[in-house]
Every structure is written in structure tokens, then in C-alpha cells.
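Okay, here's the structure, questions in a sec.
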Amino acid sequence: MLVFSTNAISDMGIDLAGSSHLDYAASVEVISVPCSSGIHPEWILRAIRAGFDGVFIAADGPECSYVSDCVERTGRVVAEAQALLEKSGYDAGRLKMAAICSVCAEPFVHHMRQFGDALASASAPAVG
Amino acid sequence: MKTDPTFVDTLRLGGEFDARMCMNCGVCTALCPLGLEILPRKLFRRVLLGDHTAVEGQETTIFSCLLCRLCEQNCPGGVHIAENVRTLRTYLNREVHGLAEA
Amino acid sequence: MTDVPATSGYDVLVIGAGVGGMESALSLGDMGFKVLLVEKEASVGGRMILLSKVFPTLDCASCISTPKMAAVGHHPNVRSLVYSEVDEITARPEGGFSVRLTQKPTFVDAAKCTGCSLCEPVCPVPVPDEFNYDLAGRRAAHIAFPQAVPKKAVLSRRGTSPCSFTCPAGVKPHGYIALVRAGKYDEAFRQHLEDAPLVGVLSRACYAPCEESCTRADLEGTVSIRGIKRFMADRYYAAHPEPEYGPPKVLSGKKVAIVGSGPSGLTAAFFLAKAGHTVTILESAAEPGGMLRWGIPSYRLPKSVLERDLKNITALGVQLHTGVKVGSLEALRSDGYDAVFLATGTVGGRTLGVSGDHLKGVYDAVGFLHDVNADAPPDVAGKNVAVIGGGNVAIDCARSALRLGAKQVYLVYRRSREEMPAHAWEIRDAEEEGVHLACSWDVDQVVGYDGRVWALELVGSSSTGGKGRKQALARDESRRETLPVGAVIAAIGLTPATSPFSTEIARAANGTVKATPETLQTSLPYVFAGGDDVLGPSSIADSMGQGRRAAFYIDRYLRGVELSGTVFDDPLPEVDRAQVAAEARTDAPARLPVPAPRLAVGDRIASFVDFEAGLTEEEARANANRCLDCGICSECRQCVAACPADAIDLGMRARHETVTARSVVLATGFSPFDARQKPAYGYGRLPNVITGPQMDRILAPTRPFNAVVRPSDGKTPSNVAFVLCTGSRDDQVGNRLCSRVCCMYSMKQAQLLMGSLPLADVTIYYIDIRAFGKGYEEFYRQTQGMAVSFVKGKVSRIEPTDDQDLLVHYEDVEGGGGEKVARHDLVVLAVGLLPNTGALKLFPDGAPASDVHAYISEPDEELEPGKTSLAGVFVIGSATAVRDIPDTIVHSEAASAQVAAFLKRPGAKA
Amino acid sequence: MPVPISATLGMLGDNLRKRRSALPLGRRVSTAWARGLDLPHGGSTVLYTGQMWQMVPAINAMSRQLSKYENSRLTGLFGFARTLNRLVNLTPLLARTKASERRAYNERLRNIVRLLRAAGVEFGYLYADDVYAGGLAHDEGLDRALEEHARWVWEVFRRNGVRRVITVDPHTTNMLRSVFPKLVPGFSLEVRSYLEVLAEKRLTARAPLERTATIHDSCVYARYENVVEPPRTLLAGAGVRLAEPELSGKMTFCCGGPIEMLFPGKSSEVATKRINQLKAVDSRVVTACPLCYANLSRAAPSDVEIHDISDYLVEAYCPVEA
Amino acid sequence: MTDEKSRRIGVVVCQCGGNISDYVDTEKVREAASHEPGVVSTQVQMFACSDAAQQDAIREIREKKLDGIVVCSCSPKLHLATFRAMAERAGLNPYEYTQVNIREQCSWAHTHDPAGATAKATGLVMAGIARTARSQPLEPIRVETLPQALVLGAGVAGLRSALALSDLGISVHLVESSDHAGGQVMRWGDLFPHDKVGAELVASLVAEVGRRENIQLYLGTELVEKSGRVGAFSVRLRTFTGDQIPLKVGAIVVATGFEPYTPKPDEFGYGLPGVITLPELKEALARRPKPLVYGGREIRSIAYIYCVGSRQSADDGTGHAYCSRYCCSATSHISTVVNGLDASVKQYHLFRDVRTYGKYEALYESALRGGSLFLRYGEEAPPVVRSQDGALVVQVKDRLLGGEEVELRPDLVVLVTGMVPRDNAALTRVLKIPVGQDGFFREVHVKLRPVETVVDGVFIVGTAQGPKNVAESVQSALAAVSKAGALLLKGYVDLDPQVAKVDPNLCVWCDECTKACPYGAIDRVAYGDKEVAEVNPILCKGEGACVPVCPKQAVSVLGYTHEQVTSMIDALAKEAV
């Protein structure tokens, strides 16, 4: 699983999950970017093509200090990326997004487990 | 209810009625061991608004007060409730009971 | 933290690194000024970082705070000093201010600490977690909170616990108690062994001055510290018949002779051997142990315990030569010993000095006890025995005599019972076993018949007044008594066995060796002396302390280091017992002492067996649980062992610093109202009455219980009440002001509650809803829209039900009036905020003016925000009036403009 | 229909003006308790009873009488009674007291003397000049009569050269300490309750009681006069382990006593409520006010014991020597 | 950009004294990294952040002439700044340094899976190397700034911020659209809470402004044009005579104030004789009439009706749903002023909630002490004001008496009117700063950046941002000054160089990025024979909102370029656990 997180906010939440020794799968790997509204949909397709089972966007949420409508913007990225995935023959469910705030350690781990389970129970990835 | 801004001045002659600092939070009424619904807050409010019939019609209530000051002890406005009740009693003794000389 | 040189002057000193102080420091730093930011807590961030989400936008407090906290930590123009306090600010004649400040010791080297938290789980001392407003616990070793900046561990220490402070042997009872409490028995034993050997001996025969100093003794009765030690030692020795270690790998090549194998000699040997020196003990008796072996009856100290203790010392390679009489110190020198420790102890008893004191049947205590211990006791069976003296040795003799079958045992003492030097419980035990006390009697003569003692002629005696042993005695001839006895044991004082060396080293008149009290060095530089040799007759623990001290200085001597210029033991000051006891009294339920079970009196005096059973595991832990953690940190040193970066430094002490600053910004914030001041609401008494700040912690994602639950039983609340104006707008608590944030934070909490518990009922009891700021009224409407009930009426009192629900009394002001009672399962007190008056105390030459409410004044509030009555001193945020977060930030930035203008004013020197 | 307020208050005012008391007792009755105690006459420090303890049996008796009238049509007679009372003192008729009850109440005053003596306090007693302080008239708003009475009481103290007063009940303490200074120009007495005096003396209990109890604070002591700690200090010293009721100290709940005269029914409802609160904590209740004592005793069921604090204190601090 | 194969990258793997190495096989990670093309130095350190380890790294950078370094240790939140500084000390561009978090996001998160943690750490390190190999040195963007400011509005907030800017040595152009300075406050008498006289207070500010050589006051003048960027705006003013004045300023402070709400005809009897608004009463009281007479009538009693034009439900169409914040305190205060003039005047306050927040509670208290009575009405049953036989009658259902109707016969009814935003449309067009739902100018973030707007260098202060009293207006005015000071005092600002950049060769000018950019940082420029987008690095915040909308992937953020991110994705995928 590939996670896109943000330098200022969701990274902190993921860090906290680690420093609280909350276990989640080691197959979750993170790339940090400045803001979740700046993630390119192609990156997501690229990740799935490169072999990731799923991509999770740990979005800034309303606390984003760059853009007040960060949630909506990130939502549009997700919609576009999902369209892109479907067009390329991938299940749109392989991309998920949720706002992860700087203290959202538990929610993050919860998302990872749920998403991991969902990906596992989904049919074997069909390459389009 | 018609208001009479001068009524409270009548009372002051008999004592020291002072409920100005009441902010109508209701703590007093909610502490009354007798569960008097009208006393202290609502009665005082009527006095301030000038409804003297309310005072005269509440003789029993006014003399039922235990003067225990549980309300006063907790009044956030610092209203001297017991003294006010005593003032109302003095007023009633004077105006209603004909005990002016008492 | 940024490393701005500490030596130079600053443009601005900002006191308090809450949201206002951080904002101010950052904006001044951005303008190019050099800022010193001082924060008393271990992290910057203030109170805001403790919140869950913040109104009216419901954004996450942490997400807003942490970037600012990081910025403060890295700003090139800002030096932030956490865990530090400003002590004093004085104006300098040349302009600006001189600032004295203290960096409180964290006991963790910040440069080494990586924030890994490994010290936390091993720490056995639980502390209420201030970050969670005491809802949950943390450890004494901790990192303030996960987002802390700097992310460094801190050990909470209030001082040295009285037990550890008192122990003359240097044992730290608090440490092993904390470890026993945590079930770490072996660790507990090892910790003790690091501080002092002879763990078993102490666990049986120590008079436990620690127990007298125990704060719990001021409450329900002392923690049975010795009992805990005995449990831990017995258990360890049962599992480890042999020591777990051998001699040290690296040796110094130096040889030390220790004369005498009593407690001080053994202790010195232990520490010197651990330091790598080659140690030989020379003992004149046939078996080692000195007084431990010959002076203490075995009902108090079984010999097997002593034997096992000795192994702890010999395992280090210490050679024990018994039956060796040392006649000359010089001879030892020529035998190749580089240093000598003289610890011969007291072997001779003093005689009574009355007629008949040499009759047959008159014994001196040392000899008597020696014979008892050597299994060759004098025959006192069936006789009346008089023991003369009032000390612990006298008690030992009397109780031994009982065990030898004496008919009646009398303890004859010249002074009153109150003046007896023996420990009260020893006297009590003796009496319990049947010893008769004959106080205020002196021996006039020992009457003999046929060369044998036959009776004691006693004469009245009393001290001339006052307390203490030094009072003069007066004979009272009017009282005389003849006591028929068959044996007399004189236990009236001992003399040290130092006479063989009288020509070689200086001695005092009473036979003790003259030694420098600090270093224990004698007039011969290579000879050190300790224990009874120096102190005169003293306790085991005192003697061991001497041995430890001597070892410390002998080691320095052997390494060729100056003896002076160091401190042997430098504990933190002893904590104030009265304060600890007072705090314990307010909250905690009584914790009754757990005494060790004992044999019945009859069984006790039938033999010399150990009369006190050890504590069971449960009893030991129950006792350990009674520990009040007076010093907070127990000095158990588990963190020291756990820290991979070797960052723990228990020796760290406060650092003082004086800096200059051209201006000062007071950002000292508010202090929350203590809800206990409002007893009608039952906070502190009713578990399910909590405060708003606590509710915020419960709602935060980093919440202590990981769910919204009520404290009493962990139940999910379904009917929650908010009580507004707790401690605000209330003449009865001396604060008529509105606290401005409580309406809003309560509505925020109500919204968050509805979010996580959609089925819950939430009621807000209010006088006025003060939703005045930008977006606040809209937030109020939104809250109403979420079906939160708003009831106009201040809560008058809160009463518990049997199942810990709460009955809330109020007047339904708008619904026709009269008292109403509503049942809730959780009540949140929206506590108000009060001025924090600490900053006013920092200015010895006159503080900035404050208003009638004790907030720091802004004399021209309309046009000159942030300016105080003192030129160059500014105030921001809640230090001058309660403010919400947005207003605090604006006010802080405004004050920064004022500071900048002040620093740039014409004629100002940079 | 309740007892007619105006007639009852009228009688009260008349008594105070004409007979200087709410319930004129007669000198013999009011000073009987001091017989055999050899209390010195007067002095600058006096033990001042204000006749409260002595009055309680009369109040009890009156209440027994009045409860017959409440809600009865006979209440019309009260107007007539008042007129008659102006001429003849009717109150003793109403207040026919029991001798045994009088003795029991007087014993409390004797307790207090024993305690003060044990503490080494020196004081006198005013005997005939130990007059009623007027608390009831104050409560009922009979301000004119009270003012007159207060001036007279001050005159009595002045005439006797009294400077310091030790009081034995909360109501008298309040009148002398807080009310009279506002009513009488120049009034100046140092007024302290015997509990405050004793608590300062740090007495040692000679026969510690080792018992549990709960405490009922008098509203007047706790909220008017800030006497909260002294009874607790003394009881703790006496070995009594106190359990506090839900409402105690400054939050104490009234015993109902103050309206006993006008509304005996409501008064006993309040007393019952209070008894239930106390009972929930301990079956032994300690009080420190004669009115609380009387009112709670009347409402207490058989399994609840009401004790005056002086009983416990004497037992612990001044045990009868065997 | 150099070819990643020819890079000279160093990798440091930190054990963190076991915190990492207990779960991650650090030697294995180092070993894997050492085979990566471009990596010429690898080391394992017990504590990478320790002085000694940093010295080692610096030596390595210098000796091996490294042009990139990857430190695999803890969270960048802890040590990004540490290692950037270390890189700088070694002479390496700090943006050629990448921190890889193998502690919080690896060893600590996967303590039960050491093998997984090691594999993940390897992947993360590879990704870090891949990113570094495609990194380029960046220098902070230094922007020159002019020590000049434009302040719009010469009310209390504008005047005070002009003076504060002047205090800092920043020249000020103070522009007022009306023909006089002083704003609303000029007309008012005693102000709460300190009874300062509004007119005097304003006069003192105006006089001080007049004394300052570096403040130029323009009356009857408006801002009509703005261009340029933070630190160097070009603006054009137009005077009432129609003259145009071009200026260059570094920052703009908007202090254009509010309008008092004007009740609709008949709203609470507005229009009847004796029914006036709070500002009207304030103006009247500023003259301190004695005896208290209004409109020829002696005033014996006053009824105040609160929340007129405030706190109205959104569905009644007025749009003033917000609370105007200052009115409760102002009215409590004014009733005390009335008391001061004539203590016998009876005053009734028909309120909804008394919002004398914080210290202003003392004003409410003093109103109560003066004998003011407060009657609470609900939004659903507003008081009725009518005229009867020439007298005013007010009927109100008093919620504090359970909704009982109370009738008052006041001599004066005062409608406590709130603050409404001014017509800001023209200014919004020129400055391109947004207004909120309430019609007031909107700040970027109420807590993080309360006086800043989305346009860097343009600040909103005073009641232009929302209802405030005088003290609060001044506070926000000065807050903007400290922000402006940070921009203008040094003569330059250094901005983070990790901003967006357009590849003109790929760009086809579709305008999507311009629309997506919240900061107006993208311009249209000529490039060869085509038009392309160009990012103004001064305005760009580097969040990358433009990145996903570009159909050609022509724009990306430096440090997070497409190349870098995709190479990281590939590296991670290759090492996937």
C-alpha cells in the first residue's frame, strides 16, 4: 500500500502511530508531499501499475494552511484518479482518501487495517 | 404585567431591599429547601419590575422562608437574599398586618 | 532547540510559550529581533496543544499548534528555553533589563536524548498525567506529550524521598519499594546491592530510620520498608544461593587492608573491590561479621542470612583472613598494602563502676551476647536477671535472657522511659515478652554473697528536667529498693578496640580514632578509619555508611586524586513531608499498614528463632503500594539502564543564568479555575463530574481511554450535562468576570460528543450564551441544530445517585420557574479562567500595574494594546484579560508591533 | 388555613416590648440551670445564654399546642388571644413545659460550663440580667420592636460592665456579633461562641469516644457566622469520626426550625428531609444549636439519635471521675 | 539537472541506539543502499544526530565531494533542520539532502515484523536515494521589499496602523474616501470600557498623523488599481478631483471599517418619534445633555431593544445572522453613562443574551448596579413597539418570567443596532481579496493568519474584517503592522524555494493552473512563438494545487517533481514488502 501524506499535518499523525507502537502492516509505505491538493492523479495510476495494491491519500483536511478548500480539491484529485484507474482497467476502490490530522494515530491505523482488508478481499488485481 | 418603577423605592424605606445584581440564573430557587417556586428569584424580579400585588399575594411564602441562606451562600450575584426577605416581611408587617409600631 | 549563543543580550525576552508567546516570538523573530523565549513546562505549546478541536471551525488544535511549535524550535532568531523559569527582572541603569533565570534540571541530557521513550515503560513510578489533566497516569520518566517540542524526556523529581534521604547507609528504599510494587523483585534487590551490600542483614537487624521518616507514618502508619526489604532479600537469596557476579575484570593493582569485618569493614571491602582494588579483610575473631555475628541475637538475625550476605562481598574477590590480630599499621604498609581501613569496632563493655561489679554473675553486654551467639551462654535459667542500661543492646540482652529461661528479667535504667535511647518498638516488644522496666532507678551497689551476685541495691534517680540524654542526673535517696537477682548484665556503653594503634595514629580521649569527618582519613594518610572506631557505638546502617564513605575516599586516594574538591553524596534536598502528606490527605482513601505476622509471645521466648515471619508477596506489594512516592522519581535507575543514548543524568542540578534583554513580553497566560472551590458541584468527590479541559482530553484523538467514557466505570455516557459559568460570573468564588471561552468550548465539546455518540442527550445549562466572535453565533445555531438542549438556568448543585449518575439541580427559568432535577450520567464543568499572577512577582523594583482583577493592566487599552505601565515591558493574551485563541493571536501580533516600535524608537541603542 | 401570621407576630412584638422576651419565662426558670455551679456574678467576660436553651422546652410545648390549631377553624381565636396577651401574659399558658424536659435542656448549659472550666476559661454569669437577644423578632421583620429591644439589651451589658461575651447558641451569637452593631450606635462587645473558645484551647480528651457520627451544621453558625471548623476540631479531638452528609458545612441544609412557630407542618417536612439526608450517613447526629436539636429530635425516627455537641464533648473532655 | 547516474550521494543509516536497529537490520539497509547507482558513501551510525556522527558526515561530504546526502533516521519533524544545517556546514546545498524516516514510520510501527521493517526501510531508503538523485540545488528566493505601505481607511484602525508603521520607519500613504479622517468613532462620546471620548481619541490620532513626516494623508481618495507583488505593489489612487496618483508600496492595509445597521421602516417602531438607534443615542449623549432631553422630550425611562440587525435567522433574508459583538457591552456602558447624567432614569434592556464577554462583564455589572432591568425576549416573540396617545408602549414577553407579557411605557426606545459590512465590491475587484458569508473581508485562517489575506502583503484590519470594538480594531491594526514589519523592515524577505515551476516546453496554456492557483501566482507569458504559464515564485506557496490540474504534467513543485515522485514510487514498488 502506498500512502501519500503531507509534511505539515498527516505525517505527524502517522509518526504518532509509530511512536505509540501501533502496529500496522510493514507493507504500508509513505511518500510525503507538501499538501494533498497537489497530488497528481497519474502518480496514483503509476503506483498501481508499479505493483502497489492500493493507494491511500492521508489528506490535510480543514486544518490545511495553504488552501481553505483543501478537502474539496483533494476530493477532485481522488475522483480524477479513480476515473483514470477505471479507464485503465483497475478497480477504483484501490484508491482511498481520508483526512488524517496530526494526532490521528488511531484513525490512521484503523484506515490501514480496513483498507488492507478491503484490498485483500477484493479479487486479484486485474491488469487492464 | 404593568410595571411600576417606583415600587422598589417604597420598600427601601422599610429596609434595604436590594436585588439589583440578580442575573436571573435561578440558583437560589433551585436550592430552596422548601422548594418555593416563586421565592426568591421571581418574587424579587416582580418587586423590581414593580408588581406589588405579587408581594401582597405571597404573604405565606414570604413568611415561610427559613432564612437559611443556602441560596444566598451560592448566589453568583452576591444578592443579600435573606435581608431582602426580612425587608419584605417588614413591609408586610407595616402595610398589611398593621404592625407598624412593631 | 536553536542554538543562539546564551552569552549575549537579547532584544526581547518572551515569558511563556503558549500560543500567544510563540506567536509573539515568531513575529518578532521575523522582524529580525533576537528573542529569548522562556517556558516553564517541558515543551512549548501552552494549553492549546492540550485541546481536541477548536471553535468555531472545529479544526484540530494540534495541527494548528505543531507547525508553530516547530517554527519556534527552529527559528534562527529565537532561542527557546523550556523547563525554565524567570526568577527576577530588574531594570539596568544603561537601559534594558537584567534577567535572572533558572533552567530546572530535567535529569536528562537533552543533547543525547533522542526522544525514543524507552525510559517510560521501565519507570515504576506512576504520576497523574498533567497533559491529560490527571485523567490518566504517566511515569516519572516521561516525554511531556507526543507532539512535544523539544521531544526530550524529563524525570519528574521533587527532591529526595525522606526514606532515601535518611538512610545513613546510602540505601534508596524508595527505589526498591517502587520496583517491588512493580513486581520487579530481582531488579529491586540488585538496585539495593548497588547502593549497599548486607541486604539480608539490614532486612532483619536494621533499626530502619527510613520507617521513622516515612511520610505515610504521618498518615495511617509507616510503610513496612524493612519488611519489603526482607521479602525481596529472602526471595532473591532463595533463588540465587550464589552471587550472580564474580570479581571485576579490570584491576587497579592496588592493595587495601581492612582491619575488622563488621558492617563498615565489609561495606568498604565491597565498594573497593568493585572499584577494582585488591582487598584483604583481616579479622581477629575466628569467624567474620564482627558485631553482626557476635552482637546481635539470632532471633533478630539468623546466621544463615549473614553468611549469604558475606558471599556478596567475597564473590568480588575479597580475601577474608580470620584469626589475624593486627598489631601495627606500619607492618601492613610494609606488607604491601597501599591503604588501610581501620574498622575494628567496639569490643569492650564498660563496667558498672559500683561496689560488687566484679562479682560472679555480673556480665558485660558484649561478652554476654558473644557467649549467647557462640552457643555458650551463661546459665541464667530460673534466675532473676537485671540488665542495666536503656539502649538497644540492653534490650537485646534482656530478651536473650528471657529466651535463656530467666525467671524474671528487669531492665534498670537511670532515666525515665521517655528518655530511653532504645527504639520504642524494641521496648514495646520487650515488654510484650515480659521484661519489666525499672526506670528512674540507678544501681547503688551489687550485693554479693559468697562471691556471687545476690541482689541489686537500687536508688532513685531522675534527670533534672528537660529532654535528651545530656541532662544531669540527681539521686533521690528517699527511694531505695533491693532487687534480688542471680545475674546482672551491664549494658551501659562500649569502647572501641583501637588501643593497639595508639602510638601510630591520633585518638580522642574516649578511644575513638581522630579522622577527618568528610574523608575519614586519619593522621596517617594511608590509613582511614570508620564505623564505631570513629563514631563510637553506632548502628549497622551508620557503620555501613562509614564504610561506603571510606571506600569512596580510599579509592580517590589510591587513584592519586585530591581527596577534597568533591562531594561524596549530593542528594537533592529532602522533600517536604508535610506537603506530601497534605496532598495525600485531600484525595486518596486511607491505606492501612500491612504488618508482618509474628509468633505468639510464648513461642517467641521459647527459643532464639526468628519471631517475625516475612511478608508474603501480596503483603509486600500491598505495603509497597502504600508508598506515596514522595520524591516522585524513586532513583531506582531503571531508566539509566534502559536508555540507549546514556542520556539520564541523576546528578543534574538547576542551572542559573543571567541575560540581558532590551524589552520583555509577559505571555504568562491564565490559570484555570479550580473546580474544587465550588463544593456544590462535587468536583474531586464525584468521579463523573469532570472539567471542560478534561472533557477536551477525552474527546481528543490522543485521548487517554481511547473512547468517550466516564471515569467511574468506563461506561459510555448517554446523557451529558455541561455546567456553564463554573467559577466565572460568580461573586461567591471571587470572580465576577466572564471567562469568555467556556460557552464556546462547551458547545464545541457538545458538537464533538454528538459526533462520536450520535444517540447521546446533551444539555447545556447557561446564564447567557456568549457567542460573540466571528462565526460564533453561527456555531451556536449549528449546535442547536444538532439537537443539543440549551437550558437557561445555572446549576445550583450536583448530587450523586447510588450508581454514580448525577442529579443536577437547577431552576427552569424560562419554563415557568421552580426547582428541577435532571439526571445525567456525566457532568462537565465549564471551568473559567483566572489571571495568572505569577508574572507580577518577577519585578523586585516594582511590577507593572495590574487591575482590580489582578490582570496586568494596559493603561491605554484602546490605542496602545500590549503596553504595560512599565516602559519596555509588554503583555499579551490572557495575561491581561481572558482571550480566546484568535484574539490572543491578534493581540500577540499587535504587541509585537509595539515591541518593535519600542526597540526602534529614536535614541534606542541596539 | 395556617396559624394567622399577623396575630402571632403581634403577640411576639407585644411580648418583646412589654416583657422583653419572645417567650417570657420568668427569672426562676431562666436561671435555674446555674444553681449550684457557683458562677460569679457578672464580670468583664460572661457566659451569655440569651435564654435560648431555656426557651426550647417552652417552644416545644407551644408547638404541641399550635399543631392542634393549624388547619383548624379555631385559628380565628388568635386575634382575640393577641388582644388578651397585651393585658395578661398568655404565653406560659400556651407553653406549659415539662420539668424533665427543662432539666435535660438545662444540662446542656451545665455541660458548657464544665467544658469552659476544663479549658481554664474564666467567666461570670449575669443571672437576672441574662436576657433574651431578640432573634425571633429580627427574623420576622419586627424591626421597630427589635431596635428598641436591642438598645435595652446593650444597656444591660453596659450596666454590668461586660466587655466579652461567650455565647452558647448560633442565633444569639449572630444577634450580638452581626445584628446589634448595625442597630445600636456604639455597641461593642467581643462575641465568641463557646465552640470557638474551646477549639482554640486544644484540649486533650481524657476519655476518647471512638465512635462514628454525622454532623448537622446550623445554618446560622455555618453561613452567618462562619463557625464550621470549631465543632469539627473539637469532635475530632474527642475521638469522634465524623462522616459528612451530602450537604454540610457552608452547604448545610436547614432543620426547618425557623418556621416552626408559623408553619409547623412545613417545618416538620423540612426536618424530615434533613433527617433522611443525615440518616444516609450515620444514625448518630451531632448538632450545636438548641433549635436544630429540638426540631430534628421531633422529626427523628427511633433509630436516629440526635445529640447536642456538648454531650459528646463533656463525655470525652470532662469524664466523670470514677 | 545532473544525470542521476553520475551523482555522488552519501547515505547515513542511524541505529538510534537500538530504537531502529532492534527491528531494522541497519547493516542490511546500508549494504543495499551501497549498491545503488550514484551512491558513493554509506555509513551506519549509532546516533546520526550526535555531534561526532555529524562530524563524520561532514568529513565524508567534503572528502568524497558528495553532491547529495540521505539520512535515514527519525521523523523529519525532529531533525530536518539539524541535518539541513549540517549539509550547509559541509558546503552542500541543503535541498540536496533528504531525510528518510525509518523510526516513527518504520521500526516503531512494525516492532512485530523485523523482516518487514527491514524490507520497508530498504524501500524507503531507495526512494530517498531516487529522490535525491533527481534533486537540484535551490537557493531561497530573496524578494526586495519597499519600506512603504498603503493604508486604506482613516478611521481608528487605519490611523493607528499608519502611526505604528511610521514608528517602524515605514512610510505610509493613508487613503480615506470621505472628506475627513476619523471614521465612525469621531461622532461618539464616552467609549467603553475606560470612558475615553471617541472624538478626542480620534482627534489625538489625527493630530499625531499630521505631525509625522512619513505619513501622507489623502482625503476623498480611493484606490483604483493594484498590480505587482508583495514587497513591491504598484497602486493607483484617484482623488475626488479625478487626479490619478501612482504609488509603489510594499504592503497594503485595508481598514475600511463598517456601516451601522439601519433599521427598516417600522422595524421595532423605527420611525416613531422617540425610537432611535444606538449610534443616534451615542451621538446625543456625546453632548452630555442635562436634564436628559431628546427631541424636546424629557427622558424618565428608556427601553433598549437588543440585536436589531444582528443574530437574525438566515431565512429572513437580511443576512445578518452573526452577532455584532460590541453592542451588549456598548449598551451596558451607555446605560451607565445615562445613570451618570441622571441616576433616576429607569432603564429596561430587552435582550436575548447578555454578551458582555470577558472583562466587559464589569459593564453589565455596573448597568445592574445602576438599576437597569434586563428582560429577555426570544427570537420568535420580538418586542412590539407602538405609539399610544403620543406615548410609546413596548410589550415584551419576558422569558425570565416564563414568557409573561410585560408592558413598558418608556420615553425613549433605543434600537441596539449592529455592524454591517460596507459595500466592498469595488475594493474586492481591485485587491482580489475575498469576503466571507457575512460580507466582511475574509482572513486566510482565523487562528493561523488572522489579519492576512490570500494575497501576500495585503492585510485586513479593524471592522472591515468583522465587528469589533475600538480596542479590538486597534489590536488587529497593529497585528497587521507586525506582519508588514516582518516583510518590509529588512528590505527583503527570503521565501522557501520549493515552489511550483512550469516546463514551458510542455505547457500548452490551457489556463487550468491559473484557475486552480489560490494565490494568483500564475501568469501568462510569451515563450518563443507560444504563450505559456509561468509561476511567480514570490506568490507561489508551493502547495501544488496547480499540479494535478495540468493535463500535460508541465507543472510541478521543486523537490516534488514528477520525476522525483515517480522515481520514488518505482523504487518503493521494487522493494515492496
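Which chain is which? They are A, B, C, D and E, in the order written, and residues in each are numbered from 1.
Here, contacts are C-beta pairs under 8 Å (C-beta built on N, C-alpha and C of every residue); 3 or more make two chains touch, one makes a residue touch a chain.
Because the structure is a prediction, the values reported are computed rather than measured.
Taking touch as defined above, what minimum step count separates chain C and chain E?
1
Among all chains, which one's averaged Cα position is nearest the averaged Cα position of every protein chain shown?
Answer by centroid distance: C.
Would you mind checking which chain's C-alpha centre is most distant from the centre of chain B?
Of all the other chains, the one whose centre lies farthest from chain B is A.
Is the number of contacting C-beta pairs greater for A-E or for C-D?
Top pair by contacting C-beta pairs is A-E.
Using CA atom averages as chain centres, what separation in Å is found between chain A and chain D?
About 78 Å separates the centre of chain A from that of chain D.
Mind checking the centre-to-centre distance between chain A and chain B? Centres are C-alpha means, answer in whole Å.
It comes to 67 Å between the two C-alpha centres.
Taking the mean of the C-alpha atoms as each chain's centre, how many Å separate chain B from chain C?
56
Determine the centre-to-centre distance between chain B and chain D, using the mean Cα coordinates as centres, and give it in whole Å.
Using C-alpha averages as centres, the distance is 27 Å.
Scan chain B for residues touching two or more other chains and write them down.
In chain B, residues 21, 23-24, 42, 73-74, 77 touch at least two other chains, as defined above.
Counting only residues that touch at least 2 other chains, which ones in chain D make the list?
250-251, in rising order.
Any chance you could list the residues of chain C touching two or more other chains?
If we look for residues of chain C contacting two or more partner chains, we find 57, 59, 64, 66-67, 680, 729, 792, 797, 813, 817.
What are the touching chain pairs in this one?
The list of touching pairs comes to A-C, A-E, B-C, B-D, B-E, C-D, C-E.
Along chain A, where are the residues that touch chain E in the complex?
2, 7, 11-12, 14-19, 21-27, 29-35, 37-43, 46-47, 50-52, 64-68, 73, 76-77, 80
Please give the residue numbers of chain B that touch chain C in the complex, ascending.
Going through chain B, the ones touching chain C are 21, 23-32, 35, 37-38, 41-42, 73-78.
Show me the residue ranges of chain B that touch chain E in the complex, using the header's touch definition.
Residues of chain B touching chain E: 1-3, 5, 20-24, 42, 45-46, 48-49, 77.
Flag every residue of chain C that touches chain A in the complex, lowest number first.
57-60, 62-64, 66-67, 117, 146-147, 700-702, 706
Considering only the defined contacts, which chain E positions touch chain B in the complex?
Per the touch definition, chain E meets chain B at residues 301, 346, 348, 354, 364-365, 368-369, 371, 373-374, 376, 400-401, 404-409.
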